[in-house]
Every structure is written in structure tokens, then in C-alpha cells.
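Look at the two complexes coming up: subunit A is in both, with subunit B in one and subunit C in the other.
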Partner chain A sequence: MSFLSLRRSETVIALVLIAAMVLIGLINPAFWSLSNLFSLARSNVIVGLMALGVLVVMISGGIDVSFPAFAVAAMYLTIQAMLAWDWHGVIGPFALASAIGLALGLVNAFFVSGLRMIPLIVTLGTAAAVRGALLGLVGTSQINIDRMPKELIAFGNTTLIDLAGPGGTHFGLSAMIVAYLLAAVLVHLFLTRTLLGRGVFALGSAAEAARRVGFNPTTIVFAVYGLAGALAGFAGLLHGSMIWLANPRDFVGVELDVIAAVVLGGASIFGGRGSVLGTMLGVFMLVMVSNSLILMHIATTWQRIVVGGIIITATTVTALRDRRQIAQ
Partner chain B sequence: MLKPIRRALAIDANLLQLVLLVLLIFALMTALVPDKFLRPYNLISITYIAPELGLLAIAMMVAMLTGGIDLSVIGIANLGGILAGLFFHAYGGTRGSGLAAMGALPVGAGIAIAVATGLVAGAANGLLISRLRITPILATLGSGQVFTGIALVLTGGPAIVGFPDGWTMIGNGAIAGVAVPLLVLLALAGAVALLLGRTAFGISLVLIGTNPKAAVFAGLRTRRALLLTYVLTGGLASVAGILLSGRTNAAKSDYGISYLLQAVLIAVLGGTDPAGGRGSVAGVIVALLALMLLASGMQLMRFSNFLVDAVWGVFLLASIALNAWRTRPR
Partner chain C sequence: MTAPLIELRDVSKSFGGVRALAGVSFAIGRGEIHCLAGENGSGKSTLIKIIAGVHRPDAGTLRIDGRAVATLDPITAIGHGVQVIYQDFSLFPALTVAENLALPSEVRARRRLVSWSGVRKLARAALARLGVAIDLAATVETLTTAERQLVAIARALMSAPRLLIMDEPTTALTGREVARLFAIVRDIQAQGIAVLFVSHKLREMLEISERITVLRNGAVAAAGAADGFDEVALTRAMTGQDFAAQSYRWMPHAGRAARLELRGLALPGVLAPIDTTVEAGEIVGITGLLGSGRTDLALTLFGMRPHYHGEIRIDGTPVALRSVAAAINAGLAYVPEDRLTEGLFLTQSIHRNLLATSYDAMTRHFFIDFARARAAADAMMAEMQITTRNGDLPVAALSGGNQQRVLIGRWLMGKARILILNGPTVGVDVGSKAGIHERIRELAREGDLAVLLISDDLPEIVQTCNRVLVMHRGRLVEECDAAALTDTALAEKLKALA
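== the complex of A and B ==
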């Protein structure tokens, strides 16, 4: 299969993406300015990290709508812990946030695998329970920049390239995209080069066949939801570090954008299909379109219509594609 | 021959369990907050707040019966209320007697606009699901965004405040001492129960949900049935939107977002199988009663609304666990 074949959904998305970039650039040349491109790259990080987790869940034949709740819980609890214990550092807190996400993800896996319940219902329930408990028991007040741990702010503020803009301002390429790219490579290697990763595809394509050739569905389901939870926890704390703010009401409705991006990237909600590259392209497409509405002189109130339209278009295309393949 | 009988008994066992749950919650709350919980005011206020949620939960149950789900009900409900509100403001002005004392005819036109919005939006969902064969989760997730988005573009963000008196009567009025929203809920619940239990359409929905392939081979017009299912859920959602905007005298693009989870919860707790084939209006109504009593009691005990949300989530997971335990392979 050639890399540039039109039968690869990644190639198609890449072509659509390029066409969209040219179009936006024609409407407003400011799109191609370095500061806009850098800010676009930065906006990819959080959505992208979450999308990698959703991708793995979706390939296994499941779905997850609880990750934004897990992300916000991991972020808020970790930062509260840092403030309460006067705890400093960067690696430790990120490990804690990922561990919180992992633990919550395993709860999802328990309900999905142990009790054989539809993932959408399970994750709706865990999302409500976690979000409600966080706001009801831990707190509703946001932690502003004056109380945010300095190390996290400094970390989130790291840049790869730093340029001087007009009027003495600075803009740079956030180093956080390295974290995103690293996670993407690791998830790609997990999915394509490990036995467990191949098991994720097997389970999503044909659960019974996967069981008969010796894959353990329980292990796979726990790995998949655990990974999605851990990625969400990590992304949550990273989000807090990048915006210098810990808001326990953050990430409301993000699940729609992330699921849209993953579906746009060619993953099938029925499982068994999807790739890291496609997902990254899907995330880029979605982030670019919603960020460029202002550049295209469209009111931001149109954003939800655009996102919804993207979901419907992408699912229609994949549904037609899947049907054609069945027909062949 | 035995199977349908056993099935009927199984549903009854589930219903019985739910009724016991209602009694248990009622007794518990009466014991915990005796002076406030039994006040007529508290119980009457439930008859005004619960119906809009009940309609959404019935809509969710109907979609789940076919093995689908409708995540766009909130968007449809809000869009219907907003379009009716815009019509009223265009017809009678944004405030004053022209708006408040509007006659029965324009109010009826507003109701028609809201319900038509629900039916058209539902038909759009139904076409996406039955013709283009998009999986219901994604189709309604996307269309829900579009409906909410249209509502947002039309209003620009802020709520539309001020509805005619005739409209707010639907949300706040009482006929012979019974809340109008409750009457609306009971009428529609009865109609849906008859539709599901006594018509060929209703039986075919259960068959499609139980085994879609067998339904096709049995010669059922599954596409048409699916289309009508989502037209029905859209219509129910729009009536919920009328009750919501009538009760609050306002309509906004992001009202009632937490209703989505609650509607799913009530449907599942009411014995609906999200994989399709099983569900009843009676179960949904009893589950609605259980959760409204629980929420009301918790609010009287000064639990924050967030904790009430958390308890609803835990309830959903617990009811899943209970169902799994009850239907475990023996």
C-alpha cells in the first residue's frame, strides 16, 4: 500500500487539510504568520493528547466520554495537593496526575469489562460522579496565577523557539508540542509494535475471534481505558500549567471536540480501525478550523455548527466507506 | 410460548424493585428531614420540575429500545423554545402587554413552531441514522451540536426572556389543582405506552432492538421504523423544551445540559436495555419519581447541586452493577 494512495484515509485527510489551509490563507493571509502557526501548534497539544487516548479506546470498539472529567479532576487534585503539602517539582506532580487518571480509567474498565456494560453509559456515569464529587467535595474555586505553583508555570511556559514580535512582544513555539509528539510516537509504537497493541485492533475488529486466538479481552480493556485515563490526567495538568490557572469547571464539552477529531481522523466507532497519524491530522484540522473562524471573519457563535457539521460529514464519509468495503 | 410470559414477569420484577426503591427513598427522606420533606409545597414543586425531565427520559428510552440513543434531545428542546420565543417577540414585541396578553391563536402557533422544530430535527436525525447508516451516538452527537449551534447563532448567546402568559401557563399553571406539566407528561407517557405496547410500530421497534438482522429478514420496514423513532424522540424533546421555557419564562442555547445524563440515567434505571429490545414507559416514570424524591431530599439536606449530580452518576453505575448481577449467567 503506497503512502500516497487515495485509499488511505490519512492521505485524504491530509489533502483536505492542505486545501483548507490554502483557502483560509487566501481569505486572510495572517493565517500564515508565524505567531498564528505557533499558536495553532500550541492549541493542538491538549486536544491531541486526549485524542490519542480516545483513539485507542475507539480502536478497541469502545467509546469514552469521561476523560474531560478525569483530566480536570487530576489537574485540580494535583495542584491542591501541591499547595497543601508545599510540594515542589514537575515530574512528581505529572506522575501523580497521570496516576489519578489511570486509576479512574481502570474504574471505567471494571464496569465495561467486568459488568459487560455499554461504554457510553459507563463513562457518562463515571464522568458525572467524578465531576460532581470534585465540585461538591473538593471545591469550586479556581486557583489563579498568584497561587499556581511557580515550577508548573515555568514548565508550561517553556519554548523551543522564541521570537520578538512587533512592539517588543515575544512569541514562541511551545515546547509542550514535544510532549505531544513523544506521546504520539509511543502510542503509535504501542498500537503497531506490541502484542497488546495488536490485541486492541483484534478485539475491536472481532471480539470473539480475538478471544479464540488467545488474546485476553479483560487485559486489553483495562489497558485501553487505563491508558486513556492516564493520558487525560497528564493532559489535564499540562493544560493547567499552560494557561496558569486551575479551574475545576474546565473542559466542559471537550469530549465532543475530541471525539469529532478522532472520527475525522478515520477511526471507526465500531472498532478495529484508526491510526495515530490520522488522529493527529484530524485534531489539527478541527483545531485549525475552530481557531481560524475569527481569521475568516466568521462570528465565533458559529463554532458549534462547524464542529457538529464536521462530525456529521466525517461520519457520513466513513459510513459510506465502510459500506463500500463490505460490498466489495 | 413460555418466553413472552417469562419476559412479562421479568419486567414486572424490575418494576416491583423500582417501586420498592421509591418507597425506600421516600421513607429515608421522611426520616431524615421530616419537617420539610412532607410539606405539600415540596411535593407539589416536584410535579412542576419533573415532567420536562420525564419527557426527555421517555425519548431516550424509545431510542434505546431500537438499540440507539438520542444525544441531541437537549439541543432540540432548547432550539424549539428559542424559535417559539423569537416568533413571540417578532409578533408581540419583546415586552409589555402585546407580548404578555397574546391570544390563544399566536400561542398555539408558537407551540406548533416548537413541535415542528422537534419533528424536523428528529427527521434529520432519523435520515442520518436510517439512510446514511451513521451510528446513532455519532449522528446525534453531531446533530446536537448543530442544533445548539443554530440556537446560539440565533440568540447570539444571551437567553430569550419573556414569553406570553398563555405559554408560561403550560409551565406553571394548574388545572383542578394538578400541575399542567404533570398532565402533559401523563398524557404523552400514556400515548407512548399505547404506541409501544399496542401498535405494530411499537412491536417492530422492540424487534429491531432485539435483533436488527432478524427484523430485516422478517420483512419489517426497519428504515422507516428507525426514521419514525427519531421523529418521535425529537417531538418529545420539543415538548420538554416548551415545558422548560414555560416554567422558567426564558429560553437559552445551553439550558438543561445536565438533563442529558439524567435522562440516560432514568431510562437505564427504569429497566431499559441500552443495547435494545427492552424498556417500558412505566419503568421510566417510576425511576423518574425515585430520582426526583432523592434529589429533592438531598437539596433539603443542603447538599450542593454538584453532590446531587455525583450521586446521580453513582446511581447510574450502581444500577448497571445491579442489572449485571441480576442477569448474570448461572
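== the complex of A and C ==
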């Protein structure tokens, strides 16, 4: 199987992506402006980090819809803690947010693995419970820029390239993209180069066979949901730092976008199939299409319709592919 | 004389009060090909699982190399060199051949990181040991069943086993693939590895094995060298009764139009024009190698290939079978090859499965007449001799033979005139098989049906049918009278075509 073979779903997505870029660029040449491209790259970061977690869960044959709730919880709790304890720093808070996400992810894993419950129901339940607990026990008020920790704002504002725009404005390429790319490389190495990662594929491909080969399904399920939770927690705090705002009601409906991106990236809803590269392309595609609707002079209310359409199309295509291959 | 590789003495095992094995003694010598025969439910799987360490016997002793083994779990069984190839092969469809081969070794070595060059090296060596060539980079889901089996065998051989257990290895293979498998099994034996073959196909057992152990109702019904058995003896041991093996006789009725008449029936690129007739009361066997077009012929008659050319007449009247509904209306019934995926609603009740195509006939003023439907379904269950009386049980709870009866029964409720059976006894044990054959004959004789029986099982064709059509690459190449045919002669004909 060559790298550019059309049988690779990554190649197909890349081609569709390029076609879409050309089309959008023809409708509005402003698409190709550096400021638009930089803003696109920035919009990839949060969706992309969450998508990496969902990818790993999906390959293992599960599904996770709880990560936006975990992301909000990790963000809001961490920032509240920083305010309450007058805690400063960047690394510590991000470690705490990831740890909160990890702990919540392990709760998912416990229900999925220990009690053998259906992942969709488990994660719907934990999502609702975590959101409810956050609003009911921690607080409902938004933390605005005036109270946001300065270190986080400065960190979220870091740029790789800084350029002067017309009229004295500044725009730059967010350094957060580095965090996203680094996470992507690590998840890729985990999935392709560690035996645990191959176990994720094995479990999603044939659970009983994985058990007979000697993989421990419990370990894999805990690793997978834990990783998804940790990535969500990290992404949550990063999101707050980038928009200078901690809203405990944030991230509503994001699960749909992220799952759409992962499916668009060629991961199988039946498990056993998917790649980091494909997911990154899927994320880029989704973010680009929804961001470019404005550039194409289409009302933003259409955005949800487009996302829904993308989910249905991508799922249909991959489901047809999987069914054909299973039938052989 | 050296001690046998594995020896079981007076082993018993019960599951929730049901006795699966009762005092079974059984031994496999080093490097021998041993066949474990028995019908479904005879205790074969339980015995395998005891040897593989999955189940622990309630009573009895287990010896390996003459030494008593107190407890055997799957890991120690593998440590003693026992490898099992299950019917589903336990492969990972979405992963490559190379990875499927290498994963168990890597997991066993407790590695943490994967070296892809190491994976390919391991995999290449494993296939080389079997002497087969399969693309290492292909995903397993793109392989044929036979190739998947080779991957499973190659993988089992990587752990240097001393006993390879193969559970029903030939079920999904064509004749030529079975021959290749047997060559490989003999090759494995030449490496000093014992092979335990689990099967219910008589011919194959006699061909491959050196010794045979027959289980019936959880006890050893017969055991000994394979040369001491023939098909009749094996059948008797497996079922406890004799089955007459005589071919079906059919007396033509004068002055009636043929039940089914094909005039130049063709499918472009698939079937060359076919002319033949089938009378009511006839059982006509259709056989041929893979790609012979026999299933396409059946699907054309059942309205699933609407673009056929030529003419089809039923009882002298031309009919257009351009849809399944048209075919059912014309009196055709089709029992597909894969009853589990194409024919039955496994989780639904026996009644619902039986009634699936006849609810229309049971309807009065838009409402289903449930009392009538129940009565009709119960009558059919009795007629098809389905073992349970409880029609509310899900079909999945029945044995393979009984499932097949449900499927055939469904079509008989709909007053079919032509019954097409595709592989009706695949995966059905000997006793049920004879029962199904008997029912097919009765249906043809008394039910005034024309039966087309498509099968790979040549003895089945020769014994059940009165006429045999041989197909090859989409053509009807030969028609012969079954009375003048033996299954070996038919096998020769097929071999000449290959």
C-alpha cells in the first residue's frame, strides 16, 4: 500500500480538503490571506486536541461524548483553584487540569470495563452528571478577563510569528499550535509504536481475539478513556487561556463537531481503524468549512446544518467501506 | 513405548446440572493426526476446552507426557505446547497479516514497544515455515477464508506447539482448499507436531486421520485406528443408528407440463444460455466448483437478477421473475447458503421466523389473525420435527439442524411450488442431516414440489437427488441420472473440470 494510494483514507481526505480549499478560495480570495490561515490554524487546536482523545477511544471500539463536560470541569475547577489559592504558574495548572480530566476519564473506564456498560450511555451519563455538579456545587458565574490569571492569558497569547496587519493591528500564528502538534505526535507514537497502542487496535478489531492473544482489555479500556479525559482536561484549560474567559457553560455541542471530525478523518465507528494523520485532516476540514461559511457569505446559522451534513456523509462513506471490507 | 502426549482418564464435566462429559478417556500420541468426531452437543468442544485449559474437569485425571497435571489453565496449556485454532480463527480483521502473526509473540514476550521491522521479520519467518505466500501488508479482512486460516495456522506454529487443535477447520473451505489444508496438516505432522482435528465430515476424517475418537452424548462411543472405520461405522458411532443410503427414485407423471422450464436462460457475463426442465416431484442436484454460476442461477430464479435473458415457464405458463415478490408469487422459495445472515432473524422467535413470509395470508381486515397464525406455525413445527414445542423461543437457541428446518418450514407455509435449497446441510451434524434429507424427499414426493438442491457435498447430492446438473463457469456442462452415479464418479467429473 503506497503512501499516495487512493485506498488510504488519508489520501482521499487530503484530496477533498485541497479541492475544498480551492473552491473556497475561488469564492472569496480572502481565504488565502495570512491572517485567515493563521486564525484557521488557531481554531484547529482545541477541536484537534479533543479529537485525538476521541480517536483513541473510537479505535478501541468505544465512543466518548463526555469530553466537553470534562474539559469545562477541568478548566473551571483549575481556574477557580488558582483564584482561591492565589496560585500562579502555567505548568502546574495544566497538570492539574489534565489530572482532573484523567480522573474523570477513569470513571468512564470503570463503568465501561468493570460493569460492562455501553460506552455511549456511560459517557452521556457522566457528561450530564459532571456538568450538573459543576454548576450546582462549584458555581455558575463566568470568570472574565479581569479576574483571569495573567499567566494563563500571557501563555495563551504566545505567538510563533507576529505580523502587522493593515491599520496598525497585529495578527500572529498562535504558539498553541505547537502543543497540538506535539500531542498529535505523541498519540501517533502511542498508537503505532507501543504494544499497548496496538492493543487498542486489536481490541477494537476483535475483542475476543485480543483477549485470547493475551491483551488485557481492562488495561486498554482504562488507558483509552483516561487518555481521552486527560486530553480533554488539557484542551479545556488551554481553551480558557486562549479566549481569556472561563465559562462553566462552555463547550455545549462540541462533542458533535469533534466526533464529526474524527469520523471524517477515516476512523471507523465500529472500531479497529483510524489514524492521527487522518483525524488531523478531518479536524482541519471541519474547522475550515465552518469558519469559511462567513467568508462565503453564508449565514452562520447554517453552520450546524453543515456539521450535521458532514457527519452523515462521512459516516455513510466509512460505514460503506467497513461493511464492504467485512463482507469480503 | 513412550507415554502419550496428552492423556485423559475418566474425565467428567457438568455445566449447571447438564452432563457434558461422563467418564471420557482419551489419548493423543506424539505427532499423530487424531480426529475427534461427534455431533453437535456430543461434548467435543468441552473436551477441547479441557485440553486447552479453558475448563477444569470435575473428575478424572489429565496427564501430559505421562505426568499428572493437577490444574491446567490456558497459559500453562500453551506452555505445554497446546495451541487451539478456533472456528473464528481469532484474527484481527482490520490489522495487517504481519501484525496478526506477530502480536501474540510480542504480547507473550511482554514487550512495550513495537519494532515494525521485527514484526515483518517474525511474520515472514512464520509464513515461510508453512511454505505459503500471503501479502504481509494486506489487512486480514481482504483475505479469503482459506488464507485467513493459513494465517491462523502460521500464527499457532510460531509458539512451537506440540499439539495443534483445529476446530471444524474445513467448514468454510472449497474442495481444493481442503486438499491444500490436508497437505499442510501432513507437513505439520512431519515436523513432529500432533494435530487434533475436530470434525463431523465423515469423508474428511477418514482421509486425514490416523486415529479416530467418536463422542456421543458425552461419552466415547468408539475409538481406534482410522483404517478400522468406514462411513457406515462412523455414522453409527456418532448417531447410534443406521441411515439408509439409497438414491431417490422418482416416477414421472404423464401428460403434465414441466413444473419449471428454462429456455435459453442467461445472465450476460455470468450465465451462458441454459435449457432444462424440472418436473414436480423431482429433486435435481446442482453442483460445480467455485464460480460455476450455480448460486447465480438460483438467485435469477428467485428474482434477484432481474436483467436475465430467455424464458422461464412454471407449469407451462411463462413468468417474469424480475423481483423477489414476483418470484414468491410465482411459487418459488429459496433457502440461502448462509442461513445465519441471509435467512433467519436470529433473535426473533421460531414462530415469527416461520411466519415471516406468510403474515399476509394470515391477515383479516388489516389485522393479523394471531390464533390462526399460531396454529399454523405450531403445525409446521410438528411437521418439520423441530425439537422444541415452544415456538416463542428465539431461533438462536436452536441447533444448526433445527435452524435449517425452521428456514425450510417457513417456505413450506407459503405454498411453494419450487423449492431451491442452497447448501441445506452446511454446518449440520450427521443425524440432523439425514433427517433433513428425509424431509426433502418427502416434500418432493408427497408435497408435489420441484426441488433444486445446490451443494458441494457430493454424497448428499448423489443420495438425495434423482438427477444432477453439473455447472462450470456459467454453463450447464452435464446432466446425469443420479441412480447411475456414485459420488466418486461425480468427484472425478468435477476434478476434470478444474
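Heads up, the rule we're going with is that the second predicted complex is superposed on the first by the 326 of 328 C-alpha atoms of A that agree within 3 Å, B and C clash if a C-alpha of one lies under 4 Å from a C-alpha of the other, contacts with A are read in each partner's own complex, and residues count from 1 in each chain.
One rule holds for everything that comes next: a contact is a pair of C-beta atoms (placed from the backbone, for glycine too) under 8 Å apart; a residue touches a chain by one contact, two chains touch by 3 or more.
In this text, all values refer to a predicted model and were calculated from it rather than measured experimentally.
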Touched partner set for A:45, first subunit B, second subunit C, both or neither: neither
Residue contacts on subunit A - larger count, subunit B or subunit C: B
Partner chain in contact with A:319 - subunit B first, subunit C second, else both or neither: first
Which of subunit B and subunit C A:212 touches, first, second, both or neither: second
Subunit B versus subunit C as contact partner of A:74, first or second or both or neither: neither
Which superposed partner A:54 touches (first subunit B, second subunit C, both, neither): neither
Partner chain in contact with A:287 - subunit B first, subunit C second, else both or neither: neither
First (subunit B), second (subunit C), both or neither touched by A:259: first
Which superposed partner A:272 touches (first subunit B, second subunit C, both, neither): second
Subunit B - residues contacting subunit A, complex: 69, 128, 132-135, 137-139, 141-150, 152-153, 156-157, 261, 264-265, 268, 274-275, 303-314, 316-317, 320-321, 324
Contact set on subunit A toward subunit B in their complex: 63, 111, 114-118, 120-122, 124-137, 140, 256, 259-260, 263, 269-270, 299, 301-312, 315-316, 319-320, 323
Complex contact set, residues of subunit C against subunit A: 86, 88-95, 99, 103-104, 106-108, 111-114, 137, 139, 141-142
Residues of subunit A defined as touching subunit C within the complex: 1, 192-199, 201-202, 204-206, 208-210, 212-215, 268, 271-273, 325-326, 328
